[in-house]
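Labels for the chains are A, B, C and D, by order of writing; each one numbers its residues from 1.
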Amino acid sequence: MELLFAAVVGGLYAAGVYLLLQRNVVKIILGLALLGHGANLLIFTAGGLTRARAPIIAEGALSAPPDTADPLPQALILTAIVIGFGVLAFLLALVERTHQVVPTDDVDELKGTDT
Amino acid sequence: MNSVIFRSATRYMFPILLLLSVFLLMSGHNEPGGGFTGGLVAASAFVLYALAFDTAEARRRLWLDPRYLIGTGLLLALASGVVGLLAGEPFLTAYWVNVPLPGGGVAALGTPLLFDAGVCLDVVGVSLLIIFSMADVDRGEP
Amino acid sequence: MLIAVMSGFAGALLAPAVCGAAGKRTGWILAALPGGLFLYFLRLLAAGGAVSTLDWAPELGVSLAFRADGLSLLFALLISGIGALVTVYSGGYLSNHPFLGRWFLYLFAFMASMLGLVLADNLYLLFIFWELTSFTSYLLIGFNHDEEASRAAALQALLVTAAGGLALLAGLVILAGVTGNTGLSGMAASAELLRGHPARVTVVVLLLLGAFTKSAQFPFHFWLPNAMAAPTPASAYLHSSTMVKAGVYLVARMHPLFADDAVWHTGLVVFGGATLLYGGVRAAAQTVIKRMLAYSTVAALGVMMLLFGIGTEAAVHAAVAFLFAHALYKAGLFLVGGAVDHATGERDLRRLSGLGRAMPLTAAAAAVVALSMAGVPPLFGFTAKEHVYAAVLASPAVAAVTVAGALLFVLVALAVGVRPFLGRPLDTPKHAHEPSPSLWLPPLALAAGSLGFGFAPGLLDRALLLPAAAGVLGESLAPSGHAAHGGLVLGLSAATLVVGLGLFFARDRIRGLLGGFRLLSPGEPENLWNAGMRGMVWAAGAQTRAIQHGYLRGYLTLVFLALVLLTAPVLLRHSPEVGRILHSRSLSALLHLRFHEVGLGLLMAVSIGAVVHMRTRLAAVAALGVVGYGMAIIFILFGAPDLAMTQFVIETLTVILLVLAFYHLPAFAPPARRVFQTGNLLLAGSVGVVMALLVLVAADEHHPTALARYFSDNSLSLGHGRNVVNVILVDFRALDTLGEITVLALAALGAYAVLYLKPRGEGGKP
Amino acid sequence: MSLPLTLPLLVPLTGAVLCVLLFRSPGAQRAVALGVSLAHCLAAAALFAGVRGGGVAAVQISGWPAPFGITFVADLLAAVMVCAGAGMGLCIVVYSLFALDRGRERFGYYPLVLALLAAVCGAFLTGDIFNLYVWFEVMLMASFALMALGGERPQLEGAIKYVTLNLVSSAVFLSGAGILYGRVGTLNLADLSLAVDTHLSPGLLTAIAMLFLVAFGIKAALFPFFFWLPASYHTPPTVVAALFSALLTKVGAYALIRVFTLVFSHDIGWTHPVILALAGVTMLTGVLGAASKYDFPKILAFHIVSQIGYIVMGLGLFSAMGLAGAVFFMVHNIVVKTNLFLVAGIARRLTGETHLDRLGGLCRARPWLAACFFVSAMSLAGLPPFSGFFGKLALLVAAARTGHWTVFTVAVVVSFLTLYSMTKIWTHAFWKPAPEGMPDPAPGRDPETDRAVAGMLIPVTALAAVSLLMGLGAGPCMRLALDAAEQLLDKGAYIRAVLGEGAA
């Protein structure tokens, strides 16, 4: 099971990196999005995958039974997802604006500031 | 995207979604849900509205600048934390009071719920500010 | 003593104010400070030295320790005494300069640093003042920084001396590490520790580098003549008695430590000798007063290094005597040269003649100091030269070099100090006239010194020179009068004078002769240095262009490459364990995997592939959406409903945003060249593999963790919530959530600002 | 210690929120920003006093026992860094009051700056790896916005690279945190430190350590991860660049020091030589970049890289003196580099130029400015008696004591090149007469500019004085740095403060 999802994580990272190495700004954004998914799934898998029940304490019970999923990684991922959303949104705005100023989607044409 | 059916559907969906978001926020502490999902659902209600009619209409429906929502949400979250601080406990320490319900039962109200509400407001404000800005980008500053 | 040094800096800070108040009289007033210091040091000399210590940074071994022994006091007296004269002099020389205040600021700061340098009793303290002299002199040399030449000269001087300074610092750090203490007076004791230590040669070389660059030894001499761009008072001060003698002082100071080190001695003798000859010859070829003096200074410094290199008692005695004599006459000559320049506006010796009638006092001063330099009895220069000859006679080669140098000294002395004042007057840019007292008094005072001490060498020996020599050697010497030097020495001196006179009359021919050596100029150390700096800048540019090229994907390639190169070796190093984990995992995978999970995995794989391969943006976005929803499904299947819900809504909003944003962007450009693509593919693949392995490594441990148990036990009882995840978010780890909503807020504000705040002239409000 | 530990985070955060709510009136925001940054300094001072007196302090945020909640911890290093951060914040805000254009003020400059300060302090104080990630994200988001705020083309070009590379760093950081939790089962740094020491197979943890090295290396602009910095730092207004150079990379360096002393010190033989090597290369490439540029802010930007090398070198040496040198150098560098950027900002304000060929005459026209620059520049070049010299000396001594001669040599050579590039600025911008056709920077040309510059000189003077004092008072400062270093090397105090006396 971990093997399967480890493979998926690897795939997400590989695809993300590959897209990041392109010249097209849209692909770079997609790459970053994939990288984010990869990180989230990575936490989820590394935190111990169980087909267990959700970490919600049943009515009347005082604590969740031992076979429930680890709630902490879920909390972390939830935070990470939301942060990722915010960052992505900003990035999109930035690209939008950049495109108004420099009408290109080829980041190779954005090398004016280094040299 | 502005077919009549869609618009009229939106008219019904809008309040339902808002109610759903409130419900998610309220029940979030015990059932799946919570501030984030609640806020996001509320936001999507307005987004739906914007898609059906237009952003100006949606803004009018919201009737105050999203930035106020953001600020208030953050302030609420901070305040819920300061309560503990004022009581000499560490920042964000939870405080609970049992409020007897008219039905005879009791409801535990506590600063974490306040915090969650803050989260909810913040999320609504943020999502809407971003999406409205992106949608209206060609029109210049509102 | 600390106060004495600090008073110099205080005076520096006050100088501009005084200057503003006193106007023309400034020089005379400010001279009170160095004058007072001079008297103070005389008192110390009478008292036989002093010590004072104050902590600065004990952890680093830096302390404000000062110690005045004979050597220190010899230098201190020269610095303060000549400092006073130069102060008076520059008051007149720069009387109508708009930035006179700043001038005195720099001058006093430099003087104070110099005093600190010679009085310091701590390795690092000495270095601190060493560097202070470097950049205060930088400010002095570049004082007229509106002129390109001054800027260049100042920069060169700073860089050369600073390079040496860093070598010195390295040497001192190593030295302190070896000897374990940073006190200078304690050094001699720890000579034992250094003997036979592997680092010894390194230390010697580094220290000599420091000394040679500072004291303008060949091949680091070139900054000194260029530094003549400085106003004359600065040149007189820096090059007669102070800055350039710092290296000599260092060598003298370190003498006890390396008294028996072959590298040390040979290094000093060889480079000293080379510098002497080189400087003398170049001096003879000059026609401008200041440059001639500058090169003769280089030569003189060579003599001192040479003598300290020989290191016998006689040599050290001769060295301090010569140092003293040189300080007096060289300062005098510089000041005279400046006065002549000031009075006539002419610097070229070939067009200066017969000034004696117009400016008799200056002429008198000039004659005395020049003859002292030439070594004419009874002036002190003669005594000093006697000592020198006596010290070098032991080795014929060294003696020959020294005599040759002395001949050229005679030439320079006559050419600068005598010739311009004799003969038929020539007309000069300005009509020659006797300048104001502040310009002729200081040289006259120095001349008086050369004369007076010439008559009473024994007194000077006892009072100053022998204690100084003792300070160098670490033990006291018996006084040695003239009688000590036999007739041979006397004969040599006489011969030197005669032949030197001859050379003087033949100086134009000599210059012509030396003109032929221009061919060598590419090999000149200065040109090598400049080439080196240019090369450095070029290399810097090349490497910067190479790595900071502006192509984002290039940067990312390096980053990911580093990621792989840093992690993969560790995994390989522990390959057995990784192998074990993989093995167990693969088994569990075969046993436990369910059908819909495999399907889900495939769905993810396909949609990921689709994101990469889609040709149109909207298709790619759609594929990305599928990936996101796939994530949501995974969350549902593995007991994370909150995640699933959040992921679901967020994904929807994200897709809407992407569509809104990409609405404006053009279609995908054709992909980059295949070569890149395969490389990228490899890199991306290896990153993926590394991360997958790490996940497996991590998931290897047993769960649930203690934290998980704690949360599920206390969520309801203490957190009043049955949804553990939510309780974590709003209570257990509420701070994370607080930060997170802050991120959201900032993102929104940022996006808003980016979209609507436009620079002026581009529509919208500024 | 609950209050002093929380306020350095809470004060600026509240200030930021207030500024958000006051988005309609920039005037009110200025007032809030000034007041808040003053209060922030007081809070930081209180924290420092507490830690100096009472040793490592910790507070369990939201009142749950460690390691279940999030812990805020302040040892000397953290306290010192918080003080430095607060001080810089005040300087930056004061400077901005005079320097900033209305547009940026209207579009949320002050809330962003205050949020950045809050995030930086959060990062310094948190004792939890994931919480550290969160504060890093807050910091990044604020810096993204500040970087792009103004929307000029160079800003946007730089921002794209800055954002992309830093998001990669965040992804790596997040993965590292997740894997660490999966492997060790806790997020609390102190708890991690214990768990790592008692871990069954520490070997594989080194791989995770490398992830953090990459993540923090990007933030700290270490070789080969620094490219985003020279690409972007010179594009926003120099005051923003000053703020970034003061805090962002330093937080990265701080995180490196924290993690590689507290958590990943199990495999020193493998990790720290790597760190040392990277540090050496970073110094060299950075300073070479500076030597090759002729643009005032660009030179400074490359210097940031070079000097991160010095700081990390101290970590790589991993001796008390080395870490002390790193701490001292870090604070010194914050002060001096910020000041140089502020000076560059004034130069730009006076002449409208940043390129050395088109600058000049500043020494004659503005002697006070020249003096402040000279002090800072010489200090940066490591010339005595300014702060830089003692930082350099400490690192050299540490390298000599531990026998790392290669990095020793590199450090010496680099400081020569540093001096070279600093004198380049001095010679061109200050000594050289103002070039033809360039506005004369002398006072009296435009009263408004003179007024603004007078105000901007306040923080500049203050920072120059600090650099001088750090040199003259090197004794106590170095003592403090050494104490901080010893705290870093002895993890016990930190762990006990977090997990209670029983632990460690």
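Throughout what follows, contacts are C-beta pairs under 8 Å (C-beta built on N, C-alpha and C of every residue); 3 or more make two chains touch, one makes a residue touch a chain.
For clarity, every value in this text was computed on a predicted model and none was experimentally measured.
Common neighbours of chain A and chain C under the contact definition above: B, D. Just to note, of B-C and B-D, the chains joined by more C-beta pairs in contact are B-C. Per-chain Cα centroids separate chain B from chain C by 61 Å. Chain B and chain D have centres, each the mean of its CA atoms, that are 36 Å apart. Work out the mean CA point of chain A and of chain D, and you get 28 Å between them.
Chain centres here are Cα means. That of chain A falls 24 Å from that of chain B.
Residue positions of chain B touching 2 or more other chains: 30-32, 36, 67, 70, 74, 78, 81, 91-92, 94, 123, 126, 130, 133-134, 137. In chain D, 13, 20, 61-62, 130, 134, 137, 141, 144-145, 148, 151, 160-161, 164, 168, 175, 178-179, 181-183, 187, 227, 230-231 are the positions where the chain touches two or more neighbouring chains simultaneously. Residue positions of chain A touching 2 or more other chains: 16, 20, 25, 28, 38, 42, 45-48, 54, 56, 72, 76, 78-79, 82-83, 86-87, 89-90, 92-97, 101, 107, 110-114. Chain contacts here are complete: no pair of chains fails to touch. Listed in rising order, the residues of chain D touching chain B in the complex are 2-3, 6, 10, 13-14, 17-18, 20-21, 23, 59-63. Of all the residues in chain B, the ones that touch chain C in their complex are 28-37, 40-41, 43-44, 47, 66-67, 70, 73-74, 77-78, 81, 91-92, 94, 96, 108, 110, 112-113, 115-116, 118-119, 122-123, 125-127, 129-131, 133-135, 137, 140-141. By the touch criterion given at the top, residues 130, 134, 137, 140-141, 144-145, 148, 151, 153-154, 156-161, 163-164, 167-168, 170-171, 174-175, 177-179, 181-183, 187, 227, 230-232, 234-235 of chain D touch chain A in their complex. Per the touch definition, chain B reaches chain A in the complex via residues 30-32, 36, 123, 126, 130, 133-134, 137. By the touch criterion given at the top, residues 13, 16, 20, 61-62, 64, 67-70, 101-104, 106-108, 111-112, 115, 118-119, 122, 126, 130-131, 134-135, 137-138, 141-142, 144-145, 148-152, 160-161, 164-165, 168, 172, 175, 178-187, 201, 203-204, 206-208, 210-211, 213-214, 217-218, 224-225, 227-228, 230-231, 270, 274, 285, 288-289, 291-293, 302, 321, 324, 363-364, 367, 378, 383-385, 389-390, 393-394, 396-397, 400-401, 408-409, 412-413, 415-417, 419-420, 423, 427, 431-433, 474-475, 478-479, 482 of chain D touch chain C in their complex.
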